[in-house]
Amino acid sequence: MSEYPVPFKLDVGKAGLIVVDMQNDFVRVGAPMELPSCRAAIPNVKRVIDACRTAKVPIVYLKFIAGPRETLIWTWSPTLVPSDKCCWKNHKRRYADIGKEAEVTDIVEEITPQSGDWIVEKYSYGGFYETNLHTILQANHVKETIILGAAMPFCVDDTVTGAFDRQYRVFLVADATGAFDEEFAKNSLRRIAKKYGRVVNTDELIREMRSA
Amino acid sequence: MSEYPVPFKLDVGKAGLIVVDMQNDFVRVGAPMELPSCRAAIPNVKRVIDACRTAKVPIVYLKFIAGPRETLIWTWSPTLVPSDKCCWKNHKRRYADIGKEAEVTDIVEEITPQSGDWIVEKYSYGGFYETNLHTILQANHVKETIILGAAMPFCVDDTVTGAFDRQYRVFLVADATGAFDEEFAKNSLRRIAKKYGRVVNTDELIREMRSA
Amino acid sequence: MSEYPVPFKLDVGKAGLIVVDMQNDFVRVGAPMELPSCRAAIPNVKRVIDACRTAKVPIVYLKFIAGPRETLIWTWSPTLVPSDKCCWKNHKRRYADIGKEAEVTDIVEEITPQSGDWIVEKYSYGGFYETNLHTILQANHVKETIILGAAMPFCVDDTVTGAFDRQYRVFLVADATGAFDEEFAKNSLRRIAKKYGRVVNTDELIREMRSA
Amino acid sequence: MSEYPVPFKLDVGKAGLIVVDMQNDFVRVGAPMELPSCRAAIPNVKRVIDACRTAKVPIVYLKFIAGPRETLIWTWSPTLVPSDKCCWKNHKRRYADIGKEAEVTDIVEEITPQSGDWIVEKYSYGGFYETNLHTILQANHVKETIILGAAMPFCVDDTVTGAFDRQYRVFLVADATGAFDEEFAKNSLRRIAKKYGRVVNTDELIREMRSA
C-alpha cells in the first residue's frame, strides 16, 4: 500500500516512460556531479524499463547537455566549465566503477537505449523546456507519463512540473529515482503528491501495468 | 548577513518585479485556498513594491485563473470546481478580514496594481508557462527578476524555475513570500539557493536597490 | 461552394473563435498602420462573432502591444517608436472615421468585447507565441479554432501556424480577414489551405455552425 | 546589389547557421515529397556551410520527423502514413539519383553533418516549435541566424518566424532555399523581407562573412 494518494490508475495504452538524465556524469563513480542514490536506483529503473518494453510503452531518455559557452546555469554548477567539461557532448571520462572510459553524456550501460527508443537532449533541468519531448509524446499518443531517474529535487521535479503543465497525468516512481539528499527527496515526493502527480513505487507500478 | 550564497548583486536598471498570485482567494481570511503566511507577507511585499516604484523597476502581477471547464489541475485543487469557483474570473466572494465582497482573482487591496503595471493571467502554477510574461519582460529590457508572493512550494517555485530557464537572474525575497507550510518553505529556499537563484530578504534587497 | 479543400467539418461544440488584432491602430482611418481591407471586413467579423455568441462558442480577442523599449520588431515597424506610439498601451489617438479619440489598442467599437470574452495581449505577430491563448482554449475544451481579423500575411498567418502546431483544427475565414495587399492575401489563403487549415467564407461557416 | 532592404549587416561572431530539412525524403529523386528546387539549391547550401565552417559559425541541421501514430499533420501530408513512411525514423528508401538505399530522414550526403554540428529533430514545420533549437543557439551565444534549405513557404518560413519571435536577427539565403513552387517562393521572400528578416543571396552573404 502506498502512503500517497491514488487520484488515478495507470492506463498502460496511454503511457510513456521518461527516464531522466541517467547519464555517466551523474551516476557513475567519480562523476563530477556523482549522485550515489541514482546509481542505487539502477535496478528499479531497469525493472520499469523492461516492463515498459514488454507492454510496448514508448520510452524516452533525457540527457542533460552543457557547453560550449557560458550560460546562467554555470553559476550553479561550476563543473560545467571547459576545464571539467561535465556533461559536454563528445567528451570521454574514466569512471572507477566500470573501470574504463565512456562518453560523459551517454546513458549508463546497464540501461542503454535500444533502437526505437527516443533520446531528448536538453540544456536546462526540466525535460519539457525547449525540447521536442512534448511532440514525441504526442506522436505516440501518450497521455500519461511515468517519470524516474536522476534526480530530485532538480531535473526530475522540473520534468514532473513540465508534464503537469502540458496536461499529462504523472506517475513518479519514488524508488527508481535518486536525489541530491534525503531531505530533498522527502520534500519532493510530498510536493509532487500534493499538486502535480501520483507517487508510486516500482512494485506498485509494475503490478498496475500487468493488471491493466 | 544572509545565510544564502551571493552569486551576483542586483543591477537595478535591469530588474523587474514579479508579484506572484497575491489574490483574494489565496490571501484573504476565509478564502478557499487561504494561506495565512501570504497574508503575513503583505507588509514586506508592499515595501518591495514601493521600492520598485521609486526605482522605476517594472512591476508585473501574476494572477492564477481557473475554470470554466475541468482540466488536470482540478484533480489537485478541488475548490476550483463550479460549486466553489475558487479563482474564477468575474466571481465575487465575501472575506471576513475586509468585511466585504471582492472579486476572487483581484490582487489584495493593500497592493492594488497601478496604471503602468502589468497583469498576467495564468492557468497553471508557474508564471512563465504559456503566458506573455517573458515578452513583457523583454519589452522592458528586464534581465533580473525579483520574485515574491504566494506561495512556496508551488506557484512561486515554478515561477522561479521558469525565470531561470529563460536566463533571468532570480532574486527570491524569502520574507515577502508565503508558503503552504514551514517545512515546504525551508526546502524551497534551500532548493532555489542551490540551483536556481539568489535568496534574499526584504531589507537586504532594498539596501542593494538603493546603493546601486 | 468553396474553392478550397474540405478536410473536416466544424464541430461547433469544440470550437473557439480567435479575433486577431482588430484594434484601432490597424483598422481605423488614419491609424499609423491602417489596413483598409481590415475595416472592410468588420461586417463579416461581426456576423461571425454574433453567430459564435448564439452558439456559445468561446471568443478570444487578440491585441498586439508594443513598447515601451526597443525590441527587434521595431526594425520592421518603425511607427512603434515612442514618437508615434503605435499600439502602445494607455495611449489615445484621434481617428477620422469615428471623429473622436480612442485608445490605440482597443478593439474597434463595432465589435467591442463583452463580459465573458477573453482578451490576450501579445508582443509578436502570432497569437500563440508566449501568450496564455493555448491555456485559455484548453480551459474551455476548445479543439477547433475559427480565425479571422487583421491581417494576412503576418499576424493572422502566424496565429494559424501557432494553432496548427498545437494540434488545433483551423478554420480561416477568408472574407472576414484583411490583408496587407491582394497578392499577399491570395498567397496566404493558398498556403494555409495547403498545409495548415481549412479556408472558408463567412456564409459557409455560419451555415455549418447552424446545421451542426 | 540586393533587391531587398538591408536593415542590418552580419556580425559573424554572433551568427549561427540553420539548415532546414535538407533530408532525403524531400530532396532526392523519387522522394515522396520531392522538391526539385531544393535539390538545385544543394551547391549554394554547401557553399554557405563551408563558409560557416571556416568562420567557426555553429551549424544546426533540422530534420522533419513523422510517425508513428496519426497527428493533425497527416491531414495535410498524406504520405506520412505507415504505408508510405515518408520522413519516418529508422526507415530506408531507394532514391534514383544516388542509385542506392538511404535513411529517409538522413541529411543528403552532399552536406552530411560533421562531428561538432548539431541535429535537431522536429515534428512540425518550424524549427523552434517544441525543439531544443533555441537552447542550442543560446549555448553557443548565437544572436543572428542564417536560414536556408527546404522549403518555402512552409518549414523555412515557420523557422524564420520562430527565430524572429525569439529575437534573432534573420538572414534568409534566397538562392540556397528551395520552394514548393515559384509563386510561393516569390511571396515568401517578399513577406520575410517586409516583417521578419533580411533576404540575401549566397554571394552577398559570403562576402559579408569574409569582410566582417
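What to note about this one:
So that you can tell them apart, the chains are marked A, B, C and D in the order they are listed, and the count of residues begins at 1 in each.
As a convention for this text, a contact is a pair of C-beta atoms (placed from the backbone, for glycine too) under 8 Å apart; a residue touches a chain by one contact, two chains touch by 3 or more.
Being a predicted model, the structure only gives us computed values, none of them experimental.
Fewest steps needed to get from chain A to chain D, stepping only to touching chains, is 1. Of all residue numbers used where chain A meets chain B, over half belong to both copies. The two sides are thus made of the same residues.
The centroid of the Cα atoms in chain B and the matching centroid in chain C are 31 Å apart.
In terms of their C-alpha centroids, the spacing between chain A and chain B amounts to 29 Å. Averaged C-alpha coordinates put the centre of chain A at 41 Å from the centre of chain C.
Shown for chain A are the residues that touch two or more other chains, namely 71, 124, 129-130, 138, 167. Chain contacts here close into one cycle, and each chain has exactly two touching partners. Under the contact rule defined at the top, the touching pairs of chains are A-B, A-D, B-C, C-D.
Residue ranges on chain C touching chain B, taken from their complex, read 65-69, 71, 90, 115-116, 120-124, 129-136, 138-141. Contact residues on chain C toward chain D in their complex (touch as defined above): 7-8, 71-72, 75-77, 124-126, 129-130, 153-154, 158, 161, 164-165, 167-169, 180, 183-184, 187, 190-191, 194-196.
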